[in-house]
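The next block holds one structure in the form of structure tokens; read it before the comments.
Here the chain labels run A, B, C and D in written order, and each chain numbers its own residues starting at 1.
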Amino acid sequence: MATTYQPTTTEAAAEEPVNYLNVEHGWKSWLFTTDHKRIALLYLFSITLMFITGGAFAILVRLHLTQPQGLFSPETYNRLFTMHGVVMIFFFLVPSIPATLGNFLLPIMIGAKDLAFPRINLLSWYLYMGGALFAIFAVARGGVDTGWTFYAPYSTTYSNSYVLTAAMGAFFAGFSSITTGLNFIVTVHKMRAPGMNWMRMPLMVWANYATGLIQILGTPVVAIALVLVGIERVMHVGIFDPNVGGDPILFQHIFWFYSHPAVYIMILPGMGVISEVIACFSRKRPFGYEFIAASSMGIAILGFLVWGHHMFVTGQSVYTGIVFSFLTFFVAVPSAVKVFNWTATMYKGSVTFESPMLYAFAFIGLFTIGGLTGLYLSTMATDVALHGTYFVVAHFHFVMVGGMVVAFLAGLHFWWPKICGRMYSEPWAKFAALLIFAGFNLTFLPQFVLGYLGMPRRYAAYPPEFQVLNVLSTAGASILGIAFFIPMIYLTYAWFYGPKVGPNPWQAKGLEWTIQSPPTTFNFDQTPTVTEEAYNYGPREENYVA
Amino acid sequence: MDADTLGMWTFLITEVLFFGGMFAAYAVYREMFPLAFAATSEFMNVKIGAANTAVLICSSLTMAMAVRSAQISKTSHLIRYLFGTLFFGTIFLVVKAFEYHAKYVEHLIPGPNFHPDNLAPQFMHNAQILFFLYFCMTGMHAVHMIVGVGLLTFLIIMAYRNAYNEHYFAPVEMIGLYWHFVDIVWIFLFPLLYLIGHWHW
Amino acid sequence: MSSNASANSHVHIPKVGTLIAVFVTLIVLTFVTAEVATFDLGELNVIVALGIACTKATLVAWIFMGVRYTSQLTKLFCVAGLVFLSILLLITFSDYSTRHWTYHARPWATNPSLGTSK
Amino acid sequence: MWASSYRFLAEIPFVAPIASKEAGQIDLLWWFLNAVSLVMTVVIFAGVIGFAFKYRKKPGVDPVPVHGSNVLEITWSIIPFLVMLIMFWWGAQLFYTSQNPPKEAEEIFVVGKQWMWKLQYPDGNRGMNELNVPVGKAVKLTMASEDVIHSFSIPALRVRHDVVPGHYDALWFRATVPGKYRIFCTEYCGDRHSQMIGYLNVRNQDDYNNWASGGSTGTLAEQGQALFTQNGCSTCHLLNEQGRCPILKGLYNKPVLLNDGRTVIADDAYLRESILQPNAKIVSGFEANIMPNFQGQLSEENVIQLIAYIKSLASTAPPSQTGTNPPAGTGVPPAIRKPKTILKEQAPIAAVRAPQQ
């Protein structure tokens, strides 16, 4: 039909083998794609935008806090920290690794052509974008000021901001998350290649499977909590209203039933990435593979039993609180097991220090601190002292940024040559890793001290004695903010101009490294038969850059 | 079992927990205000509720028969049973609408216009909570029913096009699972909302 | 949904008689549960009502939804859903039923040491 | 006082002030946690750095496959868990104590409202955002919220409790170091959340007496009595004879039989509800719909004053009342408060301070 000769396409095809990126062109080929790899890239693009948005709010928050009285009005500040939380939690952290790296790699890692439901996968992205539009709309109209937790009755009755719009956004993002989780679970059960039994699955797949379980079991509960808040806000009547005998603490129960396991949605996939990276750059099978896999499942299940540790001081029953505290220590064990196993993986290995490995080191260090400070908050007496202070802020940023975001970067650096077939600048990557590590610690270590001294979170103004530590924290945040832009720049540059690499630049094991980079649309020319587990590592043979 | 069915079951687990949030709220408030709940449930029309339960069970039977017909390639039976399911589902929704209307007339909608007659004054205060839960739970159930009616319509159209036979009936099976699940939700809603207090024929 | 499902030659086709029997049982149980509620059995009322509801739900799931004929995996998924639902219900409930054991956290409440005696 | 502690803080910024024995106990646990964390961090960091260095890629040295070790896995699961059990037990014990105020604790009422803390003392003194307590005496705060959830926290005492609307919440402490300490609201409550702050003044006994003798308009109970008359309560709730409404004398903390057959204890929560929503629980033998709803009419502070008044009537024996019919032998000891030895001694002198609301 096309009568004109199109040299570019043909020539490009001549010099580059067909892959999922060049097989089709035009915006339609992206917006209507059902290829899990293209959807992963759509997600990557979207969550990067949301990360920049949320990061901008974070920088403004930190700027505000350089002065004890603040730079902006309290109303503005409250909207800033709320939008930072809403955007980062619901639109960056929850979808981050599962929807991008997980989406891209999970089918390949188990030897499948795609996820079980490719069209639902696309629907998931559209739901996410719908939610993101609601969130952006809420920001544009003047923001929301309830905190990302939407606690009743402030959110239902007292707030004069766009609670409903933001809650709708979170609701849609939640369903996007559910559909991703559902897809992963069914894919892992039904789409594994011949020979890929459960004990041969890469730990990344285990982690994303466990994440999927939390997504489908937890997310609907927060969805209904947000619906109830929405109804109560619109109709001025509801079940959290103390004036008709309602109990605001009930909202916290159904909110945290999801939102505590949600932190495992955010961290588990990161743990999967780290398991892969450490194995590859130690040239060894992960120490105690079975225990790492089992601990992912353990975290996913035990994570549902501990939500009440967010509510020790709310007037929750003392006895229920004690049980929650006890169970919380149980869930600390599998996390500790993982850290020990990663460390032991390097034992008698052949360790090299490429940038993904540097990020993995940063992850272990920061996650260790994040995890240990979690113990302060699950111990009831110290939680009473530290609850609602900057100690909590620092703790979850250590886990979420120091853990999740760093793991995300480790994964991006590890699989970037697979995703785009080109290599980024290693010196820049190392520099960025060090800068992020330094900036991060400078930002959040002072906040532990602030919390111990009693500075409450979500304060637009604070007593002058806290200023020095706050200024330190802001200084760190500015370094961190700049540091996060560096990978965005050199990774984008590598996408277009980086040196081309072969299918397996790291000489890593696993099915994703057996296929071409970038992969073809259906990943495998013929369905692979798996005869060994994913980590049959030996010594590295030659220099890795193709 | 194929991926589609497993996906549907996974989705239904999600639905269980979606309703679960409201059931948790129900349990808590029923524990807190047992007598108010009992007194308030007298405003529910048990006969209509029971009849509607029966209607929904009928629709479940026809749905099960529809799936069976598809599995043995009897398209004409399939269409007939799907229409039956659609019919019973619609009946249920219409009855529900009349019930809602009755609640409106009796001023039982929570909010400023909440003035039930004949409710003992000590229960006036907390009664709104039960009605709020009633409207949320049955409302959410009705939304699921409406979606189900839409899906049934889709199935009927496809069945007219001879889309389903013993080799391919997954959509019928999956929508069947959904429909039965919605039925199960109602099976719990009926005693929990209508039968808290005591009533007489 | 992906619609490239293939026919499973091992699919179990339920007997019409079974379906009708389940249907009749469900209708009868609906009548029974409504009838039982006309008697005041105290605490027993809610137990009976929930017991009957659970029986009915199990019947629908077991036969109509075909859990009986499906794989272990489906059964596991069903059980998992119920387990997590009960975690939500039981732990939330445990908060409210033990809150008044200590003095101060009582919402509105009636006194614990006496309970709500009838 | 504040300035000097500020300078102190500036010099040693890593130690927060400790103003009670209990705070010291919590800090001991805090330092225990710090020690454990430090050990764990050192172990893990040493492991990571040590292995990374020792087993870095060297020419001619190949990685040795190591499968794993069940013994190790079990060891490093069990040992941390045992250590964590210590944390749990220690923390839970301290927490449990912190939730059970001693009997002799002096009760001060706190009402949280966007964005202020309103304080009421039993002797009738009132205050805003500045809590005065005598050194060495146990103090119990009974807290209510008029709008959203607040959280009352005093970092120097390591105490904190949310103030949830619809509940009476409580916390208690025994401050042992005189001084001025920060009070924060630590549950986000709206625009001026960060201005919902105040001070705790821990005063020496003399100092405290001095302060307390300034300008009270009668004790809390007397203020309640005035409200009782103003709002017309006294026309139906007659003191010594049966009116249309139950007699309140001797009612506090006694069992009350309701018209639906339940028996409840007339505690703070019951009284609060019966004032705001009189129809919620009808005393056996009385009619509903006689007393008007006071929800929205009375502030939480007013309710506290009224309850204090009803409490003050507790010590007198109740005249026989047809309505109330406490079942015999329910075994609930009447928790009648001892006379307020600390707070009763001041003469009500006209106000110098007393910021009235």
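The definition used in the following text is that a residue touches a chain if its C-beta (ideal position, glycine included) is under 8 Å from a C-beta of that chain, and two chains touch if they have at least 3 such contacts.
All of these numbers come straight from a predicted model, not from anything done at the bench.
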Leader among chain pairs (count of C-beta contacts): A-D
Chain closest to the middle, measuring from C-alpha centroids that were averaged per chain: A
Between chain C and chain D, centroid-to-centroid distance (C-alpha), Å: 40
Rounded Å distance, chain A centre to chain B centre (Cα mean): 37
Separation of chain B from chain D, taking each centre as the mean of its C-alpha atoms, in whole Å: 45
Chain B and chain C: spacing of chain centres that average the CA atoms, whole Å: 14
Multi-chain contact sites of chain D, meaning residues that touch two or more partners: 99, 166-167, 169, 262, 280-281
Residues of chain B whose C-beta touches two or more other chains: 2-3, 6-7, 10, 13, 17, 20-21, 24, 28, 32, 125-126
Where chain C touches two or more other chains, by residue: 1-2, 73, 80-81, 84, 88, 92, 96-97, 102, 104-105, 107-108, 116
Residues on chain C engaged by chain B in the complex (per definition of touch): 1-3, 5-8, 11, 13-14, 16, 19-20, 22-23, 26-27, 30-31, 33-34, 37-40, 45-46, 49-50, 52-53, 56-57, 60-61, 63-65, 70-71, 73-74, 77-78, 80-82, 84-85, 88-89, 92-93, 96-97, 107-108, 116
Touch list for chain D against partner chain A, complex: 6, 9-10, 13-14, 16, 23, 25-26, 29-30, 33, 36-37, 40-41, 44-45, 47-48, 51-52, 55-58, 61-69, 72-73, 76-77, 80-81, 84-85, 87-88, 90-96, 98-99, 114, 147-149, 151, 153, 155-156, 158-162, 164-167, 169, 182, 184-195, 197, 295
In the complex, chain B residues that touch chain D: 35, 120-122, 124-126
Complex interface listing, chain A residues touching chain C: 116-120, 189, 217, 221, 245, 247, 249-250, 253-254, 257, 304-305, 307-308, 315-320, 323-324
Touching residues on chain A, where the partner in the complex is chain B: 116-117, 120, 178, 182-183, 185-187, 189-191, 216-221, 223-225, 228, 231, 235-239, 244-247, 250, 253-254, 257
